[in-house]
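Residue numbering begins at 1 within each chain, and the chains themselves are lettered A, B, C and D in the order written.
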Amino acid sequence: MEGDHEVISARRLESFSDGVMAVIITLMAFELRPPGGVAWTAIEHRLPNLLVYVLSFTAIAIYWVNHHHLLRATTSISGAVMWANLVLLFWLSLVPFATQWVADAYRATAPAVAYGLVAVGSAVAYFVLGRTVLRANHHDRVLARALAVDVKGALSVVIYLVGIALAFVTPYLMYACAAAVSAMWIVPDRRLTGRRARG
Amino acid sequence: MEGDHEVISARRLESFSDGVMAVIITLMAFELRPPGGVAWTAIEHRLPNLLVYVLSFTAIAIYWVNHHHLLRATTSISGAVMWANLVLLFWLSLVPFATQWVADAYRATAPAVAYGLVAVGSAVAYFVLGRTVLRANHHDRVLARALAVDVKGALSVVIYLVGIALAFVTPYLMYACAAAVSAMWIVPDRRLTGRRARG
Amino acid sequence: MEGDHEVISARRLESFSDGVMAVIITLMAFELRPPGGVAWTAIEHRLPNLLVYVLSFTAIAIYWVNHHHLLRATTSISGAVMWANLVLLFWLSLVPFATQWVADAYRATAPAVAYGLVAVGSAVAYFVLGRTVLRANHHDRVLARALAVDVKGALSVVIYLVGIALAFVTPYLMYACAAAVSAMWIVPDRRLTGRRARG
Amino acid sequence: MEGDHEVISARRLESFSDGVMAVIITLMAFELRPPGGVAWTAIEHRLPNLLVYVLSFTAIAIYWVNHHHLLRATTSISGAVMWANLVLLFWLSLVPFATQWVADAYRATAPAVAYGLVAVGSAVAYFVLGRTVLRANHHDRVLARALAVDVKGALSVVIYLVGIALAFVTPYLMYACAAAVSAMWIVPDRRLTGRRARG
């Protein structure tokens, strides 16, 4: 009975997180307001907007995929896991705000730094969530995955921090760092999960 | 068969409530519009906006966690529970409105009182939901939990009402009361559920 | 296997509908923009806005509760049920638009008629959905429920149509008709489901 | 155990996609802003807006129904399926943007072409998702369905491309092509699933 409740609990955690991430993605896309004109030059002005949307969409997508893998291997949801998850959702909910500011003023330092801070906050929150799940689940599969996440998670935080520092040189280096973190997560993940699906 | 239907019913109640709460959180964050400028002073003007968002996010998060605990122990969903839940969602759906008004004019009395009224409405609705669940479920586990919620729920209503009265002195006392209620719910909940997860 | 697939199918239909209805409710509440001032007179100007929100929230809540009861007794989901459900969601998705227009100009005839047309469209769509579910499920429990819904559903359409006609006298009669339909659905439903939960 | 995890996984993929599609639909409807006046001529100005909403709603509804059929027959979710699904959601999340631009300037070529490009992107992404699911599942039922989807999917891409070319003559031909694709998907699908539900 208790075990059954825990499974429902893990799934409600997932479904709530999915809801928040689904709304984040769609609201961000929604902010891609129609260009003020009807000429092709009008859409050119929207291009940076579109690019930063792609960057943020990719980041949220990566969090969704990894969140999914993390909770799939989870059997026990403690109160600490629920709160760590809510802190992650808090940081992710700031992504549209940061995205919009960068879209409005992508050549300035302040929006790039704000984007980097939200990225660091999210990465640290995901790192903490991973460790909290690890503490609540004591079997090998979670352990192995959590360790792998630990290394990449810590590296993400470092790259984002470097990006924030470099934003004071030029904001484009911050965006490059964010893109690098996304590439680091997508590439091996695809290989790993592909192999598991077959094995 | 009926029992199975009830479980599905409880989960649909949860998933609908999750949807509403997920959208509330994300829409509120979305209202954190990008600052009008690119300087750091621009984000300073957004700071009260950010703080009231943290306050409201925390309140919704607490409702989500407690709603989750309440329904986890629930096996029977009556029509009264469905309607009590909808009344709670109605009040919670007003939180972004109140949050936005406070963010726009946090030094004035009227927005602080409106925020307090929405908080009181939500707290009373949650209290009523708890009692309605209790009436539909007659076993000890729910009973024990519901009683604990009763005491804290009643206390929340009192603190919010005091906050509304104090808002006529200065609105900041209203915000302090709202923060106090959140602290009251987060601190023991974390301990309680942590212990349960291990025991 | 097939039966299991059908259950998942019914639940996905529910979860998608829940998502749409959850977003509708929250977006409508979100349109309750903060008053332009900080005085209490500012919120007075928002009062009609709040009242029409209560009217629309109640209508969506009733659809959610009845949709829930209808699908709870459903075991077979045909393609026709999926499309009938999508047509219902289409009409419901127009509710925020109609609500907003009424909130902006509640003294005029045109918004009241538009609100009535969306209400009629939704009521007809729900009626058709009920009949489609009935055709796909041939056992007594669904039949009995569907017949009850038929009578109330047909009556709702008639009352809304009367309301649209009366809107040309004064729009307030349209709002009264909409409120009457909501009252007709809430009152017996609460009694009925309360009795079932105990019996 | 693994099999059970896969089923949960498929359902989380569904529920996340449902969330995104539900928000897309509701946000698009939400953009049907109330007319600036109270006369009936005011709603006439909104008519193109309403028509393009119907077009986009239908397209999203078709993706939802087919997505549902595709995943219903799926037992194995590989990492590639997850990413192919996310790419589809990315393109669908651009639909409100394209819809809004067309609604604002439906007589111009640029918005019609942008609408067509988003439609092509979505159709190609769905085609790729179908093939990815096919590769991860090796039983006949999925195979048969995926092949049927392949033909219609490829045809959809061709019609949309023709529509984009014709938009340079007049944008209305683009909208006609989009409507033709929707008709192609709705008509047989209804028949097919109706037959299966009975058989």
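The rule we apply is simple: a residue touches a chain if its C-beta (ideal position, glycine included) is under 8 Å from a C-beta of that chain, and two chains touch if they have at least 3 such contacts.
None of these values were measured; they are calculated from a predicted model.
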Exercise. Between subunit D and subunit A, is it the same set of residue numbers doing the touching on each side, over half shared, or a different set?
Worked result: different
Exercise. Counting only C-alpha atoms to place each centre, which chain is farthest from subunit C?
Worked result: A
Problem set entry | Angle, in degrees to the nearest 5, of the Cα rotation that carries subunit C onto subunit D | 90
For this session: Can you check how far apart subunit A and subunit D are, centre to centre, with Cα atoms defining each centre and the answer in Å?
Result: 25
Problem set entry | CA centroid of subunit A to CA centroid of subunit C, Å | 36
Seminar exercise, completed: Note: subunit B residues in touch with at least two other chains are 15, 19, 22-23, 27
For this session: Would you tell me which residues of subunit C are touching subunit D in their complex?
Result: 5, 8-9, 12, 15-16, 19-20, 22-24, 27, 76-80, 82-83, 86, 89-90, 93-94, 96-97, 100-101, 103-105, 108-111, 114, 136
Exercise. Taking the complex as given, what residues does subunit C use to touch subunit B?
Worked result: 11, 14-15, 18-19, 21-23, 25-30, 32-35, 38-40, 42-43, 54, 57, 61, 64-65, 68, 72, 186, 189-194, 196-198
